[in-house]
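Take a look at these structures.
There are two complexes below, and they share chain A, which is joined by chain B in the first and by chain C in the second.
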Partner chain A sequence: MAELHILGQIRFASEFQETSSLFCRYSFQSGPNWTVVSGWPEGQTVSGKVDNDKSVVWAHPLDIHYVTKGVQGWPKIIFQVSCLDSIGRSWIVGYGCCSLPAVPGPHIINVNCWVPTPTTLTDRIRQYFLGGSHQLIQSDVVNLGLNRFKLKTKSKGSIQLQVTLLLRNFSQFGVEYK
Partner chain B sequence: MKDSEITKFLVSFTGQIEYVTLPDGVFDDQSYIQYETVWGPDWAPMSGLTSGTSQMARSGVDPERIIFNLPLDMVFSSTNVSGWPQIIVTLRAQNTIVGDVLRGYSLFLMPPTTGLNLTSAPLVRPQAATLLGEWLAWLTGRYPELADPKMLASGKDNYLLKTESYGSVTVSLSMVSKDLRKLGYDNQPPIYKTVSDSS
Partner chain C sequence: MNDFNRCNKVTGVYWLKKDLSDLKIKVKLKSQDGVISLPKFEDYTKGSNNLKLDNVVEEHIFKWQEKQFSCWEIQRYTDTHNCITETDLNYHELIENQDSTPSKVFTYIHDDYYLPLPLESKKKNGVLNLDTYLDKLSLNDGIGKVFGGDTLSTTHLFKSEENLNVDTEEWVAMHVVYDNSDYNEDSQLIYKQEATLLSLYHNTTLNYLIIMPDVNSLDMNPYSVETAAGVPWGYQYAVELEFGDQCGEELSMLLKKVHKRWERKQKHLLNFIMPPPGTRQFYITLEILTAKAFDMDNLYIKFDIKIPEEIQCSDTLHGRTHTSEAVKIEGTEEWSFGHVIELNLGISNGMEPPSIKLFMEAISSDWWGRHRTEGYCYLRLPLEPGCFTKTLSCSRPEEVNMVDAESRRFFLGGCHLIKDLEVLAEPQLQEANYTYTSTGSIKVRWNIISQTQVGGFIAPAPQPGTSTASVLLLGAEAALKKYRKARARLAAATKGLGDVKSNESEADVVIRGDDGNGIEKED
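Moving on to the complex of A and B:
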């Protein structure tokens, strides 16, 4: 069976326009052919304070080992960014998803994020003064592209991901990626 | 040895921890760094120093930069890529009033591709969990520290640690591997990618 190693870091989030500290939960999603042999395919970063250049450093390590029987469902990474304010409340400020490249070697990936917007005026006023946000009940909208038409969203910042991919024995099974 | 008998590969990392950049300026006369290396269960160090401490350094012409030029040289052997070595750099300062204080932690992944890599990583400092702790840190000049900085390399069980970032550490490392490709691993980017990245 072919193997895929994902090594790297979730480096930072930038331009999120939040004043409180941010953290993110991430999870890797892959097709039924893929199994995780070692590593943590989901997790949560530290909660970082916004620094002088408006970014939040997470520097969260990733080390995941996949074994696969087929290329369908190549791994994707899903992010859910939340903010944590000074009195300990937290709410979601961004969703993002990106498919990992099927190319060995180092990559720098910017994942652009979005968040559902308040739909009514009262919600908008409440969120402006008190904080809080709408969140998705079914979070598979993030990685599936279905049923998105009625969703109203707002653009948020981006997350920088630095990963190196190592592929093993793919060419032995006739997979052509180069 | 026949190709079918190869079970483990060797990787060698050589380079140096070049410098630390603190954009607000360096206010300590004596700064030093410590590095530790963390690796997975299938890995074993073969030679070289996997942890160390630098000299006491101060900034020069550039008031934002402290040059350490601390050499790194290690060889690892492994049967599995998972658990690739990472370095944790701790920047500390010695100060006549408060003594030895923490300035930040920085986490690097050793380069998984061959060739020379110049990378920089941000310095991260834990923040006190309570307002009183924050106030005491400000008053005494001693910031909270991690009991075991190696937890940063595992990425789990951080229990929503609050951090702030400030400055960066720059490391140049070159990697040479042996038998990694014979074991079927492919870590080299295709030619079209190396051309488009460098242009």
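Moving on to the complex of A and C:
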């Protein structure tokens, strides 16, 4: 069995247009060969107000230990950024996904986010005045490229992720990663 | 070190699997190295000239509740007049019949009642203790006065089963004792001096054995024989316990079984998925991240991957991203995609891995449904393991007549301007005497891992039992997941409709019933 340690943090989100607080739910997705030995592959950050630089600092720690019996299905991380307004309503303002690098060591990854746009004029007006957003029913669309061409989205800001990867025993099984 | 040796006696507790009839208690005794162990002057003058510093280890083996008599006990029990109790008489008979020899290390068994049992140090049960504490705090006074009585008797009602067991605990004791008494020539006792080497208490209720001191080694941490006041007598001893061989056999059998099961499980887990022999597998994760600085909004990217013939690939090699509306960051328009493409390529082992070609076309769309090519770009992707990021500049061919071209583009749109994308990769081979206009840029990131067969590892044979079952399970899980999702969607959809829906459904039934044939029509 080969092992992969993912250590790091979700640092901040920037350039989101929302003025309310932002928080983020994340989830690690991997193939059937991969098993989480320790750590939480899903979680949620704190919600933070946007500062003058249009960024929200989360500094949410990540520590996951995977064991695997195959290279296929290398872990990915999916983000779902939501906003929380002053009267406690929350809705999704961004989806994002990135594949984790296979090179050991520290990495800084920027994950660009997007959100489905309102399809009708009424929806646009409602969202402008009342808030709210369209959501994906099948969240698989975020990490799988298939069937995505039907989607009309609006680009949002980005999330900065800082991870350090430790790989163990991969070279024993003939895996070359750098 | 001396202090440690004096204090190294700890109590051991053994939970027993069966009764103590097979228990063997071994006590090894040897004289301590030091002045006492030196030969006496008389011995030296009488005997040979050689100094004898033999440290002979005496070994005494006792069974559970086996009576071994000391010299004074034999003296006492031989005479019938000294025997009063039934136990004394039994001992008298035993000595008469078996011709017992006195021993320096002897035993007191449970019938002797010489030494205290742990029963005396028994703790009071928790409920009573709590009451006594409450009494001490004098919290009970007020309540006691109100109800005018002591409620202690009712506490027995709250005793748990565990507490009741404590009351009925029974102990069986055995002591191994060293006899250091002084005797005269006729073996008559002058001064009685004994030291307990070992105390064993068996709790018959819960079936465990307390041994004080615990098992030790004569070489590593011997116990010293000493009086109750701590004066050493120049002897060291060690204790060993044997619970019978069967227990060990059972344990070894159990361990073997566990080990076999573990090995079987590990074997399945250790089967790392390897590429077929003679091939090298490449796992590529390509991400189309962002696009920047294109003319029109609502952009999507169409990609086409071309793979040389010698590479085997079963994945989809073309597709397009979602349509994205721009966001302005520091005055530049940017489109986010985060589109992940995964490829699994296989090539023969001896070959140098060739590069693959990635063609991308950025296309914009407007609210009228007109699509326009914004730019093309090409990336030669060498199959080299690692993680890479690149920003690709895009360009599109420009017609000679600018006015015609621009007006056509504005009014009609138009995409897929280049039929054969190979022209981007090898422009010199094609007749391409038209000019290009540079447009925006596309940022991509890719990650390549390669895997080959290593000498020691062979591709695992498919395991019929486990793999098919797991596949079946996965399928079942996926089906269940989909079913739950569909059900949740249905529930969510029907929830908001409420009463209106119920009225409508009645009307629907009426309309459906109009068919007359009793067959319902579905939209």
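Just so we're on the same page, the second predicted complex is superposed on the first by the 178 of 178 C-alpha atoms of A that agree within 3 Å, B and C clash if a C-alpha of one lies under 4 Å from a C-alpha of the other, contacts with A are read in each partner's own complex, and residues count from 1 in each chain.
As a working rule, contacts are C-beta pairs under 8 Å (C-beta built on N, C-alpha and C of every residue); 3 or more make two chains touch, one makes a residue touch a chain.
These figures come from a predicted structure and were not determined experimentally.
Trainee: Given the superposition on chain A, are chain B and chain C in a clash or a fit?
Mentor: After superposition on chain A, chain B vs chain C: fit, no clash.
Trainee: A:V103 contacts which: chain B (first), chain C (second), both, neither?
Mentor: Both partners, chain B and chain C.
Trainee: Once chain A of both complexes is superposed, is A:W74 in touch with chain B (first), chain C (second), both, or neither?
Mentor: Second partner only.
Trainee: In the overlay, answer first, second, both or neither for which of chain B and chain C A:D63 touches.
Mentor: first
Trainee: Pick one for A:K178: touches chain B only (first), chain C only (second), both, or neither.
Mentor: both
Trainee: Rounding in steps of 10 degrees, give the angle chain B-chain A-chain C taken between C-alpha centres.
Mentor: 70
Trainee: Thinking of the overlay built on chain A, is A:K156 touched by chain B (first), by chain C (second), by both, or by neither?
Mentor: A:K156 contacts chain C only, not chain B.
Trainee: Determine, under the contact definition given at the top, whether A:T117 touches first (chain B), second (chain C), both, or neither.
Mentor: The answer is second: A:T117 touches chain C but not chain B.
Trainee: After lining up the shared chain so the two structures overlap, which partner does A:F23 touch, if you call chain B first and chain C second: first, second, both or neither?
Mentor: Touch partner of A:F23: chain B, not chain C.
Trainee: Answer with first, second, both or neither: which of chain B and chain C does A:G39 touch in the superposed model?
Mentor: A:G39 contacts chain B only, not chain C.
Trainee: With both complexes overlaid on chain A, what's the closest CA-to-CA approach of chain B to chain C, in Å?
Mentor: 8
Trainee: Just which bits of chain A does chain B share with chain C as contact spots?
Mentor: In the superposed arrangement, which is not itself an observed complex, chain A uses residues 103, 172, 178 for both chain B and chain C.
Trainee: Which of the residues in chain C come into contact with chain A in the complex?
Mentor: 269-274, 281, 283, 285, 287, 289-290, 298, 300, 316, 319-327, 329, 334-342, 344, 385-387, 447-454, 457, 474, 485, 489
Trainee: Can you tell me which positions in chain B touch chain A when the two form their complex?
Mentor: The contact residues of chain B facing chain A are 23, 40, 80-84, 86, 106-107, 109, 111-113, 121-122, 124, 127, 152-156, 158, 160-166, 183-190, 193.
Trainee: Which chain A residues qualify as touching chain C in the complex?
Mentor: Going through chain A, the ones touching chain C are 1-2, 15, 17, 32-33, 69-72, 74, 76, 96-99, 101-103, 107, 110-114, 117, 137-138, 142-146, 148-158, 172-178.
Trainee: Please give the residue numbers of chain A that touch chain B in the complex, ascending.
Mentor: 5, 7-9, 11-12, 21, 23, 37-40, 43-49, 51-52, 56-57, 59-65, 84, 103-106, 164, 166-172, 178
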